[in-house]
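First chain A sits with chain B, and in the next complex the same chain sits with chain C.
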Partner chain A sequence: MSRWRYFFRRLLLSIPVVLFGLTITFVIVRMGPIDPVAAIIGPEGGAANRARIEQRLGLNEPLWRQYIDFIVGMLTLNLGQSWVIQPSTSVGELLTTYAPRTLWLGFWSVLIAIFVGVPLGFYAGLNPNTGGDYLASFGGIVWRAMPNFWLAIIFLAVLRQSEKFFFGIDWNTIGVNVPGLIGQPPLNFIAVTDWVSLGALSIPIGFYFSPITLAASIKQILPPAVVLGSAAMGNEMRIGRTAVLETINSNYVETAKAKGLRNRAIVWKHVFRNALVPLVPIITNEAFILIGGSVIVEVIFGINGIGYLFYQASIQGDLPLVGSLMFVFIILIVSVNIIQDFLYTILDPRVGYE
Partner chain B sequence: MSMNEFDDTTLRDRIAANPRPALLWLVGVLVLVALELGRIADGVLRLGGAVGIMVEMIVTIPSSVRGAVASSFGTGAGIAAFVIMAFILLGTVAIIVKWLFIPWSLVDRLGIDVSTGREDILERLLVTGLLAIVAAALVWTPVGGLFEMLIGVLTRGVEAVGSLTTITSREIIPNQGYQLPDGSWEGTFLGLSPALAWGLRVLVVYAYALTWLGWLWKGYEIFREHYREADWTPRDDSINRLRTHYWGVFGFVVVFMFVVMALWAPAVSPVTAEANLYSPYGNEIQYYGDDGVQSITHGDANMNSRSQGGDENVGLMSYDDYDRFHPFGTNTDGKDLFTFLAYGAQVSLVIGLLATVLMAVVATVLALITAYYKGVADLLAIIASDSVIALPRLLLVLLLSVLFMQANHPIAEIYDGGLLLALIFAGTGWPLLWRSVRGPALQVSEQEWIDAAKSYGQSPAATMRKHMSPYIAGYMLIYASLSLGGVIIGVAALSYLGFGVQAPTPEWGRAVFEGKSYVSTSSWHVATLPGLLVVFLVTGFNALGDGIRDAIDPQSDSGDGSAAAATGGGG
Partner chain C sequence: MAMESNPTADAQSTATSTLDTTATAASNATTIAGGRNDPIITVRNLQTSFFTDKEVIRAVDGVDFDIRPGETVGVVGESGSGKSVTARSIMGLVDSPGHILEGSSIRFQHVPTLRSFATTFAGRTVSLDELEAEHDPTSLFDHPEIDATPSTFGYDDREEATLEDFVGAYGDTLEFIGADDCVFVRGGSTDDPESITDGFVELTRCTGEIQRKMRGGRIAMVFQDPLTSLNPVYTVGNQLEETLRLHQDLSGQAATEEAIELLEAVGIPDARRRVTEYPHQFSGGMRQRAVIAMALACDPEVLICDEPTTALDVTIQAQILDLLKELQHERDLGILFITHDMGVIAEVTDRVNVMYAGEIVETAGVHSLFDDPKHPYTQGLLESIPGRQQGERLQTIEGNVPTPNEPATYCRFAPRCPKAFGDCEAVHPETVPVGDGHPEDEQAAHTAACLLYVDEYTAAAHPSGRTPDQGTGEVKATGGSADAATETETETPRGDDR
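What follows is the complex of A and B.
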């Protein structure tokens, strides 16, 4: 099978996956132990009210009809609205408010994990069985085993008293001032101030950019991002170490050595590039963990992101919103999977031949 | 299989030929059991109770299905659904019963002559029929009453045994007492201080558990030396590799300590669970106050032993005002933290094991089937597992447990939500495990011996069980041990959010939640210690998994993506 045929097969396979994932969501939301309408109207909603909402949600129709409506509605991006948390706000609107914060959090947690975990892993792999290797490996394993919720609490406690632990450096005042450890990062550091329209097309010409707000935003997001990326960091370190060890002992590195290539050239040209391949699925796999883990981190650090929105929607019984959010997550994860397969197809010529 | 595959002697024959070593070993086992007979009987009783509840719930499934179907499709369809559901349940039980208890073939005994493929099906149908007769007899004839009476008598018998004292019991080594003005202790073991008495009891517990471990190892050695036919098997090498794999041994030690703490929670905790967790106002202690020896309920005493930062704190290894010793300090509401954590370990272990075993069974069966049949079966399994994985696990678990708990579903009340959590984690976790063993399963299905078994006419089920499952069992052990850590973290995270195990059943995550505001005060221990225990335990499970992997398959990479996937998704 050629590489691209393999890729397209995977692409095709994602269609039933999305459909089946939606089916599971439908079963949980519509056929689960809680009646969606009861949660919306509360205990003292009248029968008329109930009938009206049932009508609007289409719950008075037979189940198979509801199922088809649900699937078609989702697939045509007709995501519906929130009923309990912010009544009659469309899901799209909610997403544009809440998603940027989670994306900002996810971006930094992936970035920090990669830029700390991978170099540490490569260092450990290049110096195997030394004190540094043991320290890094053991640290990575323990770091990975820490539950996010606990790590978050410890982080908060330590940073609150940062003077005591970091030789008088106060976290709140170092660099830029942030209002507090808990709270959402200000995302208004960049904005468009001026638009010029060329016919039907609007082109932004005026930009507003505040480096101080950007710095504050990064500082605000750092602790939660480190916590969220902790497991990923440990994984990347472990896999990075193994990958380097494997490539170092491979024949082409031996050949390069025999050719008399300089050590630095061997490491940069032959070891690193090949060791990065097994890291691809690890990094993309983090997407699952990030989306799931964001609930805990957002709840503890008080960030109003998608995870927090989902948490609120589920505990307050906003089941239509829960269903729509689940669909967004499914699409997100399936696309990450496709990107991973795509990267694999490009990076590793052996894909599909095994 | 209908015929004996081996002409060799069975294990029973070999023991009968040379009974001495086996008998000696058995005597040791009996002595060990006798020392803790009461506690073992207690455990059996609790296990029996749990199984009883499970059976009752499963028995109600057909009639509840009938009710659901009958309400929308009419009575006839309801009865049909009842029969189908009952048949499915009985058939499932029949497969297990056949596999565990009926080593001979009913079809052969009855002298029915059919082809091999049909024979298996017929065999199971026969067992199902027998089970149906037994079930009908239990429900509709006086046999049911008799059976209930029998169980009642048995329960009372075990209860009587359960009240025997054991060497690790609180009565033999009491640690609760009061200090007289002259500094001597009243009511504790040999007049030792409560701290020492408690330490001694913990020591006895671990010594006992270690003796068991050593004796089991001894039993394995006896088996190897006297009763095994082969002088050497590949498993010997695996075990030797594991013994010299220090990282794996570390993991084993951590896991062993945790399991002992969970199993002997009533013995290692300084206060009984009854007095500490469930009814603090129904249990009294004696202390030496201003008016000599006085008594006070645990609940009232707890008011003065709360750990809420500042001066109001009972820290590590300290006594409170009523001479109660707290190895890990007290909780925010004054209860003993160590007791909470020990019983919490039990909860974590039960949920983790239950979820992991369920997952592992589903994943193994699925891996065997997909590897054997390939093609469409494999494709369907890929789609199903990818779909479940596409739903973010922690969110799905959160959503499901919230829904079931808010609906007050009966299943959410068993074990204060513990059973529900185990089921949810199993239902969301099997795809990760299946993915991890799919590769090895496919590999073994390509082997020549599978072809040989097929052409020899062995039934697919027998081929999978005998020739494929031993090969993937080792891999399953690795990934199950890794995912157990993930489940424990996930349960703790959910309990932290308030949707896991509900009070009063203790759970580590809830202790973290209670203590989270006091981390930077003098009562730092409340939230920190449970978290450290989770870190320690999960590291231990990971290390054990690494050790087993290196022992089974020394050539494997020491870290691959699927291992990470199996642990991932925790909170």
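What follows is the complex of A and C.
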């Protein structure tokens, strides 16, 4: 089928995109004003010291050789070692420590945005110009208008004194206990305890799972996730409303009505699928913002995620870490793009023709 | 066709019934319905208004017409004349802020449907025979909340009124009609559906399940724009099967086979492959064929075509019109054909209603209409067809259709009418017979709503006694003189009692 061919062509096209992204990253990181040697030896280091460190880091080699080493290293997933933040720790190791926190935060903020924003938008679109619609639309605009950094601080302030605002309900102790508002969510609620080897393949057979830790983890991540997803939620609500309104007034919905279809069937079969088409790029675009926007939220809520790590690495001149994180971000964004195309090919049969 | 066998009787009976087209429906009440000439859809005094903050727009304002099986009824008029709203009212597709007003009645008269509905919707079925034993239709005129007069139904005398006239139009007011009742039967009852001989489904009162059964199942609609009438994200087959599943209980392989047959029936080649394709893989004409196939999927009795060929080029248009004709012949469909294209009207219809600003201004057989248009608006429309004009320049009707936002107390066409005279601004013209039909027209009634054909006003406007356009003169010439004269006389007081 032709639309699958279209999808595979998109998949192939992402390879030059990754290469181009890596090149730009290299140019900015290596040719920019960042001086990692100064960051390592400090203000008192002498010229000899400096040359020695440059030699050790390979910074004295010709630029084209450094470029090839960088690209080959990235593409073979040899991400190198941190120079400044945690010297001699491999970037892979840092990623396995920091990334899950960000992913956990991103996952929940995307989920909240989709499962609150889209249904609210669809509800408003199906009941246009009613009280419910006005409430949802107004809420969406207000929610959209509140900036992350402000909302995060207000959340902290209100939840910290929750017994004052919510009739004596203490946020820290309601449901499961969490140590405090600020800090890492505990991610050790699931672990593999036992492996079995089938030839070269290792298959996990033993699991450890703690529902209480999971609940605590969700509770811990919820306030930052709501803050991070707030803008996305408002956007999705508004676009969802418009998309449903546009679809419900289209001729094929009229045709479906004239066929004698039930309202529920019209909405679920004919309206929703078409209304999702304009929502797909909105949702996937927001996934990008969640990567970038998480830095502020991570700092305010004291979550040491990759947003925080990337920020530290770039101001301290930890070149391999910055380059590797950029590589991870590029891969993430390209994958999200591919997922978007994949969703398009599923939702809309016309993709690939226009 | 009993009427056709005796042309003289035909002419006379037409002459006597032209004034009152409802008489046909009324007399049917005593005989078994379902004959060739009994209308399957009867629209009476249909009023559909849109209530906006600023004004009430009377998009359809008191429209009457019938559709018979195997017959194509045309509705023609400019944009904004209420054609589409009429069609949507029949389908029950008028969306808020539009409402069909009380007093409007759209009756679907089809005995097999009544028998099936009497069983399925026993709770919403009412026996007219039983009601008649308890209620006298004549006395209903005195009901405090019913503003109908005999002339509302087209009668001269209140004795002529039947229960049918009231139960549909004023069902909400009449306390003996349940809020959900919309199936009215005669001859049988819900316990004995097989003996039902007559009755109707009142479409203006249909809601919920019964409305869905009517839509698509009994009355189907083909919309104007085939390019957007199909859902782009589902295959044509999927959309056809959806309809089949809904009304014919077909599913799976059987539905697919039926869908393929339907596509073949509307002339789509290679239907077996086409059924798995998406609408964007079809050309415009093919899409309209697919839409027609979808409309026909449930074997409806009536097909409403709302400008089905406007978006298509001329060769495809001709093909689609031929297809519709063929399908009508095969399935004995009653077709309501809406268009603003006089050429299409001449091609496909048997009878034509000319609409202007929410009202029907002229009704005639298609031959009468083109050979001898009576209403100045119809004349204007025909003169504006290229090739029919006299002289170098193409004639046009100056101005635009007004928005009908107040009750008509004058002729709405008067401001644009080249033949308007003083009374046109002061009197709302009633529909009057304006001559016998063309011999080739089956339904011979020719009526127009124009003061030019009411002697009282023309005499005042033209003291010399000259009747413009030889309208009434022709009636006399063709033989219905006595009838026509008396009708015209009895007609005039009706204008007053409004």
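Just so it is clear, the second predicted complex is superposed on the first by the 332 of 354 C-alpha atoms of A that agree within 3 Å, B and C clash if a C-alpha of one lies under 4 Å from a C-alpha of the other, contacts with A are read in each partner's own complex, and residues count from 1 in each chain.
Throughout what follows, contacts are C-beta pairs under 8 Å (C-beta built on N, C-alpha and C of every residue); 3 or more make two chains touch, one makes a residue touch a chain.
As the structure is a prediction and not an experimental result, all values here were calculated from the model.
After superposition onto chain A, partners chain B and chain C are found to sit side by side with no clash. In the superposition on chain A, A:46 makes contact with neither chain B nor chain C. In the superposition on chain A, A:211 makes contact with neither chain B nor chain C.
Within the superposed three-chain model, A:131 lies out of touch with both chain B and chain C [touch as defined at top]. Residue contacts after overlaying the shared chain place A:231 against chain B, while chain C stays out of touching range.
Put simply, the three-chain overlay gives an angle of 80° at chain A, taking C-alpha centres for chain B and chain C and rounding to the nearest 10. After superposition on the shared chain, chain A has more residues touched by B, the comparison being chain B against chain C.
Residue contacts after overlaying the shared chain place A:180 against neither chain B nor chain C. In the superposition on chain A, A:317 contacts chain B only, with no contact to chain C. Of the two partner chains placed by superposition, only chain B is touched by A:157; chain C is not.
After overlaying the two complexes on the shared chain, residue contacts for A:25 are found with chain B alone; chain C is out of touch.
Of the two partner chains placed around the shared chain by superposition, chain C is the only one that A:250 touches, whereas chain B remains out of contact. Nearest C-alpha atoms belonging to chain B and chain C sit 16 Å apart in the superposition, given in whole angstrom.
Residue ranges on chain C touching chain A, taken from their complex, read 91, 93, 211-217, 220-221, 223, 225, 228-235, 242-243, 246-247, 278, 280, 291, 294-295.
Those residues of chain B that touch chain A in the complex are listed here as 382-384, 386-396, 398-400, 402-404, 406-407, 409, 485, 489, 492-493, 496-497, 499, 509, 512, 516, 519-520, 524, 527-528, 530-531, 534-535, 538-539, 542-543, 557-561, 564-565, 567-571. Those residues of chain A whose C-beta lies close enough to touch chain C in the complex are 250-252, 254-262, 269-270, 273-274, 277, 347-350, 353. Those residues of chain A that touch chain B in the complex are listed here as 13-14, 16-18, 20-21, 23-25, 28, 32-34, 39, 141-142, 144-151, 153-154, 156-158, 160-161, 231, 235, 238-239, 241-242, 246, 278, 281-282, 285, 288-289, 291-293, 295-296, 299, 307, 310-311, 314-315, 317, 322, 326, 329-330, 333-334, 337.
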